[in-house]
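There are two complexes below, and they share chain A, which is joined by chain B in the first and by chain C in the second.
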Partner chain A sequence: MDVIQIVVIGLIATVLIVVVKTQRPELALLLSVAAGIILFLLVLGKIGSIIDIVRDLADRAGIGSIYLGTILKIIGIAYIAEFGAQICRDAGEGAVATKIEFASKILIMVLAVPIVVAVLDALLKLVP
Partner chain B sequence: MGSSIDLIFKIAGVGILVAVLNSILKTAGKEEQGHIVTLAGLVIVFMWVIELLAKLFDQVKTVFRLF
Partner chain C sequence: MEAIRSLVQNLIVIIILAMLLEMFLPAGEMRKYVKMVMGLLIIVAVVQAVGELVRWDYRDEIPPLTEKNNEAELSGIMAAASRITGNQEQKALEQYKSGLSKQVRALVHLHKETPVLEVDVKVQSGRNEPDYGQLKEIILFVAGETSSGKESEGAVKEGVEPVTVQIGSTIETDEHIENRDSPAGAAEADLISMVANFYNLSTEQVKIIYR
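Now for the complex of A and B:
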């Protein structure tokens, strides 16, 4: 049922964007941003429940919650950066989009470094 | 989630209204007012979109426990 709602919202928004784009391109861009946000808000609740299930499984399996937390953060950063970069690319600003993506890669690297260090420590312990 | 689709119609409505007003003002010879109307429409739509963006980022923060 939800998928029909999502497709309908997407189609209506696209048609309206094309209508508005001829006269007011900036408003068309804002309309596409709003449509993107609305579509994602619809499924955000489901993503939240999936993440809770994964968290429960991780706790049961005994995986450190630090690692799962970092992975979730990285997914969140990646999503927001991709959201912004795609909007900038739609508006024709490829340079700004690549800057956003570059900055978000650095942020993800910063988050990933502790895990890499932990893995290396574990490996070094194995080597006699 | 009917409220979400309303926002899309509102923004499109503002866009079309601004376009029509501009053409009317152009024929009436008041080109400057046309630009002001465009600016006003843009500010209104910006307020809505920024409010929506704030809502999105808050929910993403809670879901992904970002901060």
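Now for the complex of A and C:
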């Protein structure tokens, strides 16, 4: 049962962080990062199968693989930025967290440019 | 109907895909940005699918406003194509006639008694005729004249006025005199018959002209 494994790892990490945080806050932060990485690695294999299904659906809908790739990249950027920003907030660095979020927003917008151009093209083609 | 069916299928798949992708979105601040880009992607997919249907309608149902220009260009292209086709057919016909006359020349050379100088071949050149390209007539140009000065059936003199000899009340011309019993007349008749039989023609379609 993967879910039990994940929950147990999460609970252990939480207890350790709570215990350590009072004495060594910097170690608590490292523990938090390590727990996040372990949990991510546990579900990494399953993400591949979900992406395959999404790709299959996109092929059926006639959506180009370049658009789907862009969407997946954007989702990845959003997750990574979110994780980073949360860690920064947990460490008490709200300003850095805000900067991470800002940078990720810019990256998402840059990646969205081809899709915006495609929307414009498609709408202009509709006009006779 | 097929296009509408395809459009509905595409839309269903796109909606399911959108729902699936929405489940992946992070819960925090970044969610609305990712959602906006995903919305754009869905718009692209839907507009493309609808656009294909709209273009299909225009082509099949409503003639476009710029149809006249296209027709003018098309008529020019069709006229050029027709002209090129006519030229090519004319060349093919000339080549066919040339080849056929060479073949006839080779055939008549087997007939040693009558020296043939030139061969002219006439074929049906009307494109709309059912027997287009079919052999109509073969004219053999023969050197000199027969020893008896008389011709067989189908033989015609060229450049010589018909000579009328009037003796008493009887009028005779050279062209209408037939003498199949003479050796030269028999040779010409034999040549005509050979060529006519080879090409499955009647003997009237094979002519001999003296030069």
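In the analysis below, the second predicted complex is superposed on the first by the 126 of 128 C-alpha atoms of A that agree within 3 Å, B and C clash if a C-alpha of one lies under 4 Å from a C-alpha of the other, contacts with A are read in each partner's own complex, and residues count from 1 in each chain.
Quick note on the criterion: contacts are C-beta pairs under 8 Å (C-beta built on N, C-alpha and C of every residue); 3 or more make two chains touch, one makes a residue touch a chain.
Note that the structure is predicted; figures quoted are calculated from it, not measured.
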Considering only touches as defined above, state whether A:A13 meets chain B (first), chain C (second), both or neither. first
So, A:I108: does it touch chain B (first), chain C (second), both, or neither? second
After lining up the shared chain so the two structures overlap, which partner does A:V33 touch, if you call chain B first and chain C second: first, second, both or neither? first
Quick one: is A:I75 in contact with chain B, with chain C, with both, or with neither? Answer first, second, both or neither. both
After superposition on the shared chain, which partner residues are touched by A:L41: those of chain B (first), chain C (second), both, or neither? first
Touch check for A:I63: first (chain B), second (chain C), both, or neither? second
For chain A, what residues appear in both contact lists, the one with chain B and the one with chain C? 75, 79
Please output the residues of chain A touching chain B within their complex, sorted ascending. 5, 9, 12-13, 16, 19-20, 23-24, 26-28, 30-31, 33-35, 37-38, 40-42, 44, 47-48, 51, 69, 72-73, 75-77, 79-80
Going by the contact rule set out above, which residues of chain B touch chain A in the complex? 1, 4-5, 7-9, 11-12, 14-16, 18-19, 22, 38, 41-42, 45-46, 48-49, 52-53, 55-57, 59-66
Which of the residues in chain A end up touching chain C in this complex? 50, 53-54, 57-58, 60-63, 67, 70-71, 74-75, 78-79, 81-82, 85-86, 101, 104-105, 108-109, 111-112, 115-116, 118-119, 122-123, 125-126, 128
Tell me, which parts of chain C touch chain A in their complex? 10, 13-14, 16-17, 20-21, 24-31, 33-34, 36-38, 40-41, 43-45, 47-51, 54, 58, 64-65
